[in-house]
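Take a look at the structures listed below.
Below are two complexes that have chain A in common, paired first with chain B and then with chain C.
And now, the complex of A and B:
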């Protein structure tokens, strides 16, 4: 086959590509979706069939791509006979399911979601089967869990579907996690994750000391996926899925992944008695429990689900026996089970569809209403029961033969034939029950709908599968012999054990067992018939075995109680401890590098020349600044307003210091930030309850200690910061990067303002990150404030306002709004007139930013102040009626512009965020430097403006919002003020 | 000669302005009423602006004028906000 690697890749990739395409179809495009999905599966089926010559006689096809070369991981697609057989099942049954689903899904169901998930699942399953690398196998394994979750929860308006999906995902994904652990250990033992290397490792895994943990972890993965005891409970709950999903995932593919894995690792792991004990005992238990429980199900799909569990138990048991002949039987039964169970699920779907119920007790006599469906379902059910001349019979016969063979002479081994016959009896009993109660007996009278045979295309998939059942059952050798041999050779190598596929082997013990099971099953059913038709749910005795109840309790304990307790211990919801922890960690982090010797070493000598003569006015300025800083800290607890005012003094002193020491950029920024911060703090102060110095309550000793501790933390923090600043400033700057920036700012960035060139050009990427963070923070604050609930004492209007309103109401007859509007009428007018002036200044600062102090950040703040002025002068309603204030949009535009400027450089084949510059002669403005960095700076400007305005306005809106809420609450005359907010 | 006069007067102006700032800062600290503090802060801003102007005249660098321009244009915003807060209890209504 030419270019096998390409075709192998197509096998995995095509379903995923199809899935993405399917997602974009219109909601009701059932036909287009079905055509797409059908084409994908049929194409893959044809490709798989064409691979037959290359995988015959234990040959292997491989395609290898680099995936994570640093870790020695390659993406390997690997197809051998066994994987080939599974691929045929995946794509063949997949195609039939797509055809069936086209007619099953109602026009009201969104088709793109269904087919998209189905195709993605198909891809994931193909990935598992074709994985040539253990890690890759686990990856696709978890993908199948994920898509099975999405498919089970397809009707997500249904609580059962959601619960079932969640349980399935939790169980199978947790198993997948265990499997990953097991795979890692195998990789460690063998020294490679390559499946071929692992399979060639002989007895190394079995003889290794870590064999048992590996085996347990792998078993967890396989047993959860294949719904084996004690994890069987997820499968019946997954029956809330649409029937095509059950027919595909829960009969032919996903649940088979577990046994697929066991068979895959069988050659290198099964040669040990642990293997036998784990899988044989789990298998036989599941086989019995599943078959027993299936008999007592009243839901048609539930019956099929338990039957599937039981049949998977049978396959697990066969794999657990560890003999090559049992392996042949297991692979054969995988094929047979897929065919008859998929068709039975589809038939159950049709019955549900046509009759409107799946309750076995309500159904009856459907043979007359839907003869074709009934005939097909009866043949499939007979195959499930193991009736001769059907495929189920042959593999069951092989199974019985294997149970008689001795595999180690233990108690379990010696009793296997009896247990197998017992399970066979139950299997016959539930199959007979399915046929008898659904299709025969008196016709049901109280069905929600009048049943009849469905359209022919819904019957074709079932018909095809049933035909295969019959063909294999009657002529096993010619039909399935080569297929089976190819598959088994993929696991066992070219040397096959001698087995014969025939209907008639003579009077063997296995035949007697089949006979006993058939007779016993029929007798069991007719004995229990009246009991089963009664009002029972679930099997007797085992009904108490509530796997799902235990699971749910475990989930509650793990994800709720324990999680809460851990959160209680290690975390806190209170702000103060959080802040304290944050500060302490930050201090420790700062101390870490410093303790390495920087501060401690004697290099801290004060050997710098003061850059300026000691100017008396400068000294005074600093006294003012330091005094203000200390005063603010002193007043911060009880006189917050005073502290805010005093802090303004400290800020101004800092600002002038910056200007004095020739840092105009910093001075400007400091000043603007100072102003905006004052307004912000005042806006916040409105909502803080007043603090009283003397409340009359005695302060406890513990509280005093706490305050002392906090004072200590504050002092250490402040002193540490001062020490670091001092240490930085008192040592000569060696190899500083700043000189490079100074030299290159104009020659490479085209700007004389080095700070701005660094921000928008040299370190443009950092700036982009910073403004992104700023935007995120602003939007987060905004979102948090939307749910803001102030303290009860702060809800009312401020005292001053109430007093004034009362005064006005008593004294004037004029409407209140008129009086309020006359507040600060002169300053208000000036502030309104200042809007264009401040805006002009912002533009000025922005335009010249590249060459002189200014830039996007400062300009943005200035513009924001212009807006705040308007808000203060006219009130929020007045401004918003006249100006378009859309801060969120400004943030978005800013980010997009900044990112787009960066991307534009890519168009010119330059790295991201490369800047270009040029001078341009513009009318009026004169010669203006035009750098592409200016556009980037505009992004910064827009974002800073948006973020500042957004936060301030969101705070300012609180008062409007709360008064409105209060008015609404009063009008309703309820005291549900809390809810109204 | 005139340069010397200018130099000395500038130095004196600088010191007096810094002193004025210190006095304003004292009023900010002491209060006693919040209104006193707000007024004192406005005075502090005006004095700071003037100090930078004097510095600009002394050094001949225009950069100081720009900062004073910014203080002059925007410095009152904080004062207005404080006044509004005292008068109405809310900065933005």
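And now, the complex of A and C:
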């Protein structure tokens, strides 16, 4: 086949592409969705069929792409006969399920979600069977679990669906995790994750010391996925899914992934007695338990689910036996089970749809009402029971033959024929029960709906599958012989064991077992018939086998009790302990490098030359500064206003220090930020609780101790920081990258103010990030304040203001507002006159920024202060009646301009934010530097201005809002009183 | 000079840390501001203290660290000052909203029994 690699890739990719497309259709587009999904599955089916000649006789097709070359991992799509057989199941049954689902889903169900997930699952499952590399297999394996989860929970308004989905995901995904562990060990043993290399490794895995852990991990993955004992409980709960999902995922394909994996690794792992013991015993247990439990189910889908578990147990048992003939039987049964069980599920869906219930006891006599459905379901059920001339009979007879063969002469092996016959009996019994109680007997009278045969297109998929059952059952050799050989060769290699596919092999022991099972099953059913129609739920004895309940308890303990206990012990919802821990960790981290003997060696000694030369006024500055810091710390609790003002003193000391120590830019910024911060905090004070009075209540000993501890932390932290700072400052500076900036600022950035050049040019990207943060903060503040509800006690005007108003009212006759305005008349006028001056100052600072102290940050803050002054002078209403203040727009413009400047560099084929500059001679102004960085700086300016103004104004507006809210509340109250009268 | 700055950093940081560990939201705001003064001074001091060194390049357009002030810590601190303003603003609004919702100004939103 030409372009094999391309077609293989299409097989995996097409369903995923379809899934994405399907997600975008309108909710009610059932037809379009079905056409899309049907086309995808049919296309893939045709491609797969075309691959048949390339995979015959144990040939393999591969397509390899680089995936993670550093880890030696390639994405490999690999198709052999076995994967080919599975692909036919995935796409063939997938197509039929899509056709069925089109008519099954009601118009109210959102179609895009269903078909999108279904196609994605199809892609994931294809990924599993076509995986040519172990890690890739696990990846798609987990994807199938995920989409199974989403599909089970499709009707997520239903509690059962949600629970079932969660249990299924927890069990299968946990198994997948174990599988990943197993695959990693296999990769370690073999030295490659490539499946072909692994399959060619012979006995290396089996003879390796890590064989048992590998086997256990792989078994966990396979057994959970195929719902084998003791993990079988998730499958019946998954029946809350829509029936097409049950038919497709939970009988035909996904649950087969477990046995698929066992068959895949069979050539390199099965040659060991552990393999036999684990899988044969788990298989036979599941086979028996599943068949026994199925007999006692009252829910039609529950019966089918347990029957599926039982049949999967049968396949696991066959794979566990480890003989090539058993492998043939297993592969054959995988095919047969998929055909009859999928058709039975679809029939069950029709019955549920038409009759309105799935309870076997309430149904009855449906043969008359829906003869076609009944006939098809009966043939499929007979195949499930193993009646001759149907495909179930042939593979079951192969199974019986295999159980008689000896595989190691153990107790288990010797008793297998009897156990198998017993399971066969139950299988016949539940099949007969299904036929008898649903289709025959007296017609049910109390059904929610009047049943009749559905539209033809719902029956076609079932009919096709049943036809296959019959064809294989009557003429096994010509119909399925070639396919089966191809599939088995994919696992066993070109050398096939000798087997014959025929209906009649003479009077063999297997035939006798079949007849014993058939007769025994019928007898069992009719003996138990009255009991089964009674008020029982679940099987006797085994009802106590509550894997589900153990699972739930384990989940509760793990995810709730233990988690909460750990959270109680190590976690806290209180901020103070968290901050304390953070500080202690930070201090320990700072101490860490010192512990390595650096202290002892004297490399960090603090030498103080005493007496040292220092300007006394500088010392005085910091005596005041430190006093302010301590005062603010002391006053922050009882006298907030004082604390804000005193803190400003410490800020000013910092500001003067910057100016003193040759950092004029910093001094400017610090001064402006100090002003803005003070205004901000003053605005906030209005909404904080009343000033606390120091009541002089004695503090408890515990609180005193806590304070002492905090004081200790504070002193140690401060002293440590001071010591580090002093140690660094008294040592010469080495290897700083600063000199590079100094050298290149003018030649490459076109500016003499190196700090500004660093900000807008060399590190422009950082600045862009920073102003973005600033914009986000401002908008967050704005958004938070839009829904601001002050505390009830803060709504009223503060005490001082009421006192002042009262005082004014007593002294003057003029209205209150007039008096308040009088106080502000002189400073107000000055502030108004200052607006153009401050604004001009801002422009000046901005323009000179590149060559002298100034720049976008400083200019933005200055301009913002010009605005704030107007608000202070005239009040928000006065300003907004005269000026259009649009801070959000300024933020947007600033960010766009800054980003656009960066992008402009891309136009000239330079990296993002590369700047260009030159000097221009302008009239009046003279020689002016024109750098693109100036435009960037304008963005910074605009954003800083917008952000600062937005934050302050949003806070200032609360005072207006609150009066409006109060007035509204009062009006509503008056209305209510009026109405009451 | 170095000793004075070191002591100043220490006192500012101590006051800030002490306030950070207090239970009232306003104390924490003031504490953060004081701590950011300390940290800004600390970063600035990493470029060594130089009184009277020119911060802006002369007409020649070139310079070296021996004569000029270190621009790098200055650039770092300049952005830090602006960001600390943004942080103070955001924190102030969050604490106001929290007070509106919970009715008290404790950092945990509820008074803890002493």
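Methods note: the second predicted complex is superposed on the first by the 656 of 981 C-alpha atoms of A that agree within 3 Å, B and C clash if a C-alpha of one lies under 4 Å from a C-alpha of the other, contacts with A are read in each partner's own complex, and residues count from 1 in each chain.
Keep this in mind: a contact is a pair of C-beta atoms (placed from the backbone, for glycine too) under 8 Å apart; a residue touches a chain by one contact, two chains touch by 3 or more.
What you are looking at is a predicted structure, and each value in this text was computed from that prediction instead of being measured.
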Partner chain(s) touched by A:702 [first = chain B, second = chain C, both, neither]: second
Touching partner for A:491 - first (chain B), second (chain C), both, neither: neither
Contacts of A:759 with chain B and chain C, given as first, second, both or neither: second
Touching partner for A:304 - first (chain B), second (chain C), both, neither: neither
When both partners are placed on the shared chain, which of chain B and chain C touches more of chain A: C
Which superposed partner A:195 touches (first chain B, second chain C, both, neither): neither
Which superposed partner A:853 touches (first chain B, second chain C, both, neither): both
First, second, both or neither for A:869, with chain B first and chain C second: first
Which superposed partner A:664 touches (first chain B, second chain C, both, neither): both
Chain B versus chain C as contact partner of A:719, first or second or both or neither: second
Residues of chain A at both interfaces, chain B in one complex, chain C in the other: 615, 618, 644, 653, 660, 662, 664, 853
Of chain B, residues touching chain A in the complex: 14-15, 17-19, 21-22, 24-25, 28-29, 31, 34, 37-38, 41, 44-45, 48, 51-52, 55, 63-64, 66-67, 69-71, 73-75, 77-78, 80-93
Complex contacts: residues of chain A adjacent to chain B: 615-618, 620-621, 623-624, 627-628, 631, 641-642, 644-646, 648-649, 652-653, 655-656, 659-660, 662, 664, 667-668, 671-672, 674-675, 678-679, 682-683, 685-686, 797-801, 804, 820, 823-824, 827, 831, 834, 837-838, 841, 853, 862, 865, 868-869, 871-872, 875-876, 952-953, 956, 959
Footprint of chain A on chain C - complex, ascending: 1-24, 26-27, 29-31, 33-34, 37-38, 40-42, 44-58, 61-65, 68-72, 74-75, 77-79, 81-90, 92-97, 99-101, 103-105, 107-108, 112, 114
Of all residues in chain A, those that touch chain C in their complex: 573-576, 579-580, 583, 608, 612, 614-615, 618-619, 622, 625-626, 629-630, 632-633, 636-637, 640, 643-644, 647, 650-651, 653-654, 657-658, 660-666, 669-670, 673, 676-677, 680-681, 684, 687-689, 699-700, 702-703, 710-711, 713-715, 717-719, 721-726, 728-730, 733, 736-739, 741-743, 745-747, 752-755, 758-759, 763, 766-767, 770, 773-774, 777-778, 780-781, 784-785, 788-794, 851-853, 857, 944, 947-948, 951, 955
